[in-house]
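After this come two complexes, each holding chain A, first together with chain B and then together with chain C.
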Partner chain A sequence: MRGRARRWASVTLVRHLTVAVLGVVAVTFVLTAVSDFRAIQLTEMAYLGTAAAGLTVLTGLNGQISLGHGALMALGAYTTALLLPDREASTPLLLVVLLAVLVTVAAGVVVGVAAARLHGPYLAGATLALAVAVPGIALHFESRLGGEQGLPVAPPEVPGWALDAGYFLTGEDPTRTKFIAYVAWLTLIVTFLLLANLSRSRVGRRWRAVRDDEVAAELAGIDLARARVSAFVVSAAAAGAGGAMLALAVRLAAPGSFTLVLSLTLLTAVVLGGLGSLTGALLGAGLLTFLPQVVTDVGTDAGLSDIQAAQLSPLVYGVVMVVVVLLAPRGLMGTVHDLVVRRRRPAPPPPPDSPHPPSRAGAVSTTTKGTTP
Partner chain B sequence: MQLLNTALGGLTLGMVYAAFALALVMIWRSTRIVNFAQAPMAMMTTFIALSVIEAGHSYWLGFAAALVSGVVLGAVLERVVVRPVEGGSDINAVILTLGLFVVLHALAGVIFGNRFRSFPAPFGVRGFEVGDRTIGLTGFGVFTILVVLVVMALLVALFRFTDLGLRMRAAAFDQEVARLLGVRVGRMLTLGWALASLVGSLSGLLIAGGNLVHPAYMDSVVVFGFVAAVLGGLDSPTGAVVGGLLLGLSLSFVSGYVGSQLVPLAALGVLMLVLLLRPGGLMGQAPTRRV
Partner chain C sequence: MNRMHRMSGLSAAMLATTMVLAACGAGGRDDDDDGGGDGGSTVGVTDDTITVGAHFPLTGVAAPGYSEIPTGAQAYFDFVNAAGGVHGRTIDYVVKDDAYNPTNTSKVTNELVLKDEIFAMVGGLGTPTHSAVVDFLNEEGVPDLFVSSGSLQWGDAVDDRPVTFGWQPDYEIEGKIIGQYVAENMPDAKVGLFLQDDDFGADAEKGVRQFLDEQVVEVQRYTSGNTDVGPQISALQASGADLVLAFTTPSHTALSQLVSLKLGFKPQWYVSNVGSDPDLVGSLLTRFSEGDVEGSSGSLDGVLTTQYIPGVDAPDNPWVQLWQKVWDEYGEDGPLTNYRIYGMSHAYAFVQALQAAGEDLTREGLVEAVEGFAEDAPGPQLAPYRYSADSHLGISGLQVVRIEKGVGEPLTPVLTSDIGDTEITEDTSGQADDAPPESGIPE
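Right after this comes the complex of A and B.
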């Protein structure tokens, strides 16, 4: 029995690792092929995706909502900026990212302990206050944190081995922009791998149990508070990693990057993709990165001024958010998944005299809701 | 002297937060939804008022236009968008109101532009002079306090002494029973949202008076309003008013003596203290655990 269980666990791990390796290969192919401009956009997609993955685990698997993930990203970004103030700073990149994550985790513990006692709208309001409050700290401690202008981030030189590897693959040295793009995507893949494994493990099952029924979970011996706090901390760690990548990509940590809009944007990505789905989070991040350009172009063609057209993409996100909640509460990935399942297994027509037609849709949605693909 | 001025400023601000918190509480009582879109709704109606005023009409016509459009906006949003998620999961309702938040924000940017515009005030925005000193109470501040008090009195009268108010309270208290007794619950909920939106619009106008408006100018107010509402107990209208005043005063002191950038952080601190020490708020009953 034990051996069998262990074998199954290893199969999940093997499957996730295979996907991760395929992901690395695909990212390498894409990033070598695209221009520097596209690489910048893809970096944005990667850091949004990393933070959104954390949020989707929190909201989808544990049922806690956070509007404060933008503030947690700010912590990661400011830590990165403080560690990489100029060219001479020799902190290794890996250490910088780990420290950024560590600082965010510490904050995540504090917020998570408070959040674990709150429900739905209370939690939303408290994290909303967090999102609005954190940029003010940077403004108040202007001498240390740079105030409105923010702190510059000096991205490290491309290390020798990366130059060699890049030259080996493409015949030319990778630029610093490309290198940061690789780092961001590698961070995304590692984060996804860890989150996917975690959500399939005992920890993930506890999170889901707490989400679905607190009383049942408590009767089953699950410590509710510990499950909630651990979900928040893991989620905060992902946001911190995303924030560190943002700082490296933008080369600046400034309060203007971490407005309420960023937190709401992350939530949009998560809702778009479907709560609890990591693939959905990546899809949402991709839409958030590439949609604005398309929509803005459409707007300018339709005769709007540039400033007006720039507001069109948030308009689209907002409308999509409302429509998704009203029509497809399980998000894009969830809806596609349902369609596929329905096509594969057509529901048997209910017998004409049956007094209670079986409610298939309901059953499917409760069993598949929130599982990571 | 600074102490008095800070307190007077806090009192004025507290009245506005109280009005905004009252709008949140009205919606929470009837539909169990915290309307995070309240801030951009008020922002939209303030911009409508500004358009009316800039078209050459009087301040008061703009004022009335904002309140009327607030009523319409609240009723339409409740009936069309919010009704389907009422009684559903908490998270869906929160996401929906945040979606509305984003939509209204962007719409305001498209329609009214994204720059700061100054909003007129019907009364002086310079402090009264007592002897040879200027105190921190302005003509507009007095107007603010009076208007909020009048609106609160009207709301109390509506809910306490009229048949309509009784029906609205019944619908909020127990939909099923109210429906059995012949109350048109759906209509009462729409009306509740419309009234709350009117109060929200009023607080938007009062904050805008003599200040700059911008699509995001109400964003921090939704946080302060929420904190005020939770401080008083999300279920209690009296609590919302008390919470609003307390929060206005304390934030005014933080702003005056510590630093205005830390005001949202102080609000977060107040919220955390209340939620950890007395989750039911100052005036609310302790929430009974649903099992």
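Right after this comes the complex of A and C.
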């Protein structure tokens, strides 16, 4: 019995699926317990986390940098807005999300092909241009894309089956806010599941090989350009899904939502959490979601005026960033991972791919491992 | 074999999960509606407090000037609270920073409505920002009073937005009134339009073109995120325009003035009341030019604009005297400014609405009270409000003035109108000449 269990645990897919199912259960419990307001914050954490997961795979596993993921989120958000212009629009939500991802993937291919030829600062510059240019498109095609004021998004009514399921579980009808939160977290879990599997697969190993040593990877028969483009496309798809969720949560797709700051926020989440770690991306997203509000509240409680309290949060944000980079240069998850590894050191090191029990949530430990030098 | 085990194992896990979920579920649905047929919503109201909220840009590019509005409103609410509040309730005013970014507006409004549980939104600022939340507020039934923006959408579609009210004159009547003024007084002027590329510019253009369609030689637009207005000003110069009507925010007024200086473009300017505060534009000129231009309150001298409430340039006005007194007693550091007066003015209107709504305060009652505002209700506004069950548009008129030494010198009497082809008439209500009640608090 134990032997079989262990063999099972060694099957990546099974392990990831188990974690995903546990994730769904946990999300259901949390979301039924919290207020509508917390649900909205958790939705924000989910869409930032989804997009940051895409970026962490790109940067952590493939070594490419992107300052343009905010723009890719914009594509997902605008697609959603165009498909859900009013309450009567009957486009099913699943289809909306898939189309949003598809549009972003198309853009990801184009950008990815260009990006595959560039390195370091040049790549950063090219993706930066994307972040600056995409909001401009919305301004240029004002009549179609709403210009500065953006396009309103009408989140669909909660479907009957979801109402019934929600009522069955909690005794009350889920509000639309809660429903969107469920959708956002399901999207996050599906995205994480796919990314975790991909990074453990042959594709993921190629991405790492390209990151670690191009010459060696090429000698091993890996097509560098193809590996880079595929990493960019996968990453873009995650950003598109995150963007679609952002549009549903904010009920608006406007250029002001997709400034360079958003792209940098995603990068911050990834750096704070630890490059290449999906848990890290989620952790970073959570920090960025909750930190500003906590800081502002603390400031107000300490007797600062509204203006001073509002100015406090960017300051603390910057300080946290500096402190993390100084004290935990490999990010929060990277540091946790180092600690775990150090504690284990006395024991003989396990063979590279042996099934050791995951130190953290399983889906993630597989990817953190990937970043270990 | 192994595969079969796996399948059965998985389905066992699924089954177990389902059973756990079912066990903690509430089972079937009872079809009884909760019979909540009482007087209306009293969220945010207790026996001795009323919590209201607002979103303003306290940080970021739009913060200069606009971040002062809530300090004015806060001072007036403190003044009212010190006198015992309204019907025994003090006003708790929660301001959140949205940095003029619609995504943030959506976030902070969620926070205000769902976490702080505000009774009403009072004076949320900005067209692109507030349009991100207006539908949410209406769905939740949160009274959305006196939006700090002159977009038509706050008041011209009462059926769609039953709880939203504008306050300042909408941009269309401003456009109409200046359009008629120009048509009558400068019939030969070649008119250039310089517009913000959203409802602000669009609504204003609609009004202006009713009178000046033939005279307009060039239209240029800018987006509020872009600080380079060189191309637009060059195009206006090239078109030969000798009168430019600018519907701009203070930052873009200053930017356009700087570029015009650089290009040697010297038309007669009209600047919308939104962006013509002489003190603020003067200080922005200094800042944007990094000291090359000595900006002061006199920097806009000779420029035409409009006004709809008395400002700091009229220290003898009884309303301004009230604001000065309130600010001296309850304000923060810094002088009384036009933005603080703006905040106090709509705070005054809100207190007026609370008084009218009576002791049994509900959200529905508040909306009805504003719809039923008496036409001659005293207030700082120069022209009466237009509130009714069919229109939630605010102040009905303004006065064209020329700025001289930082002071607005009237060129016309107070002119009133309404949207569409309503005629422009001289205001006869005497609204401009009223004075605040002795106590400073509406009765």
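Odds and ends about this structure:
One rule holds for everything that comes next: the second predicted complex is superposed on the first by the 306 of 373 C-alpha atoms of A that agree within 3 Å, B and C clash if a C-alpha of one lies under 4 Å from a C-alpha of the other, contacts with A are read in each partner's own complex, and residues count from 1 in each chain.
Definition applied: a contact is a pair of C-beta atoms (placed from the backbone, for glycine too) under 8 Å apart; a residue touches a chain by one contact, two chains touch by 3 or more.
Given the structure is predicted, the values throughout are model-derived calculations rather than measurements.
With both structures placed on the common chain, the touch criterion links A:94 to neither chain B nor chain C.
Look at A:149: by the touch rule set out above, it reaches chain C but stays clear of chain B.
Once the two complexes are overlaid on the shared chain, A:293 sits against chain C while remaining clear of chain B. In the superposition on chain A, A:306 contacts chain C only, with no contact to chain B.
In the superposition on chain A, contact is made by A:126 with chain B only, not with chain C. Of the two partner chains, neither chain B nor chain C is touched by A:219. By the touch criterion stated above, A:314 is placed in contact with chain B and with chain C alike.
When the two complexes are laid over each other on chain A, chain A has residues 139, 307, 310-311, 314 in contact with both chain B and chain C. Residues 28, 33-34, 36, 81, 84-85, 90-96, 98-107, 109-110, 113-114, 219-220, 222-223, 226-227, 230, 234, 259, 261-265, 267-268, 271-272, 275-276, 279, 291 of chain B are the ones touching chain A in the complex. Residues 5-6, 9-10, 13-14, 17, 20-22, 24-29, 58-59, 67, 70-71, 95-97, 100-103, 106-107, 110-111, 114-115, 127-128, 131-132, 135-136, 197-199, 223-225, 332 of chain C are the ones that touch chain A when the two sit in their complex. Those residues of chain A whose C-beta lies close enough to touch chain B in the complex are 59, 63, 65, 67, 114, 117-122, 124-126, 128-130, 132-134, 136-137, 139-140, 215, 260, 264, 267-268, 271, 275, 304, 307-308, 310-315, 317-322, 325-326, 329. Across the interface of their complex, chain C is touched by residues 4, 8, 14, 17-18, 21, 25, 28, 35-37, 40, 44, 135, 139, 142, 147-150, 152, 164, 167-171, 177, 246, 249-252, 254-257, 259, 293, 296, 305-307, 310-311, 314 of chain A.
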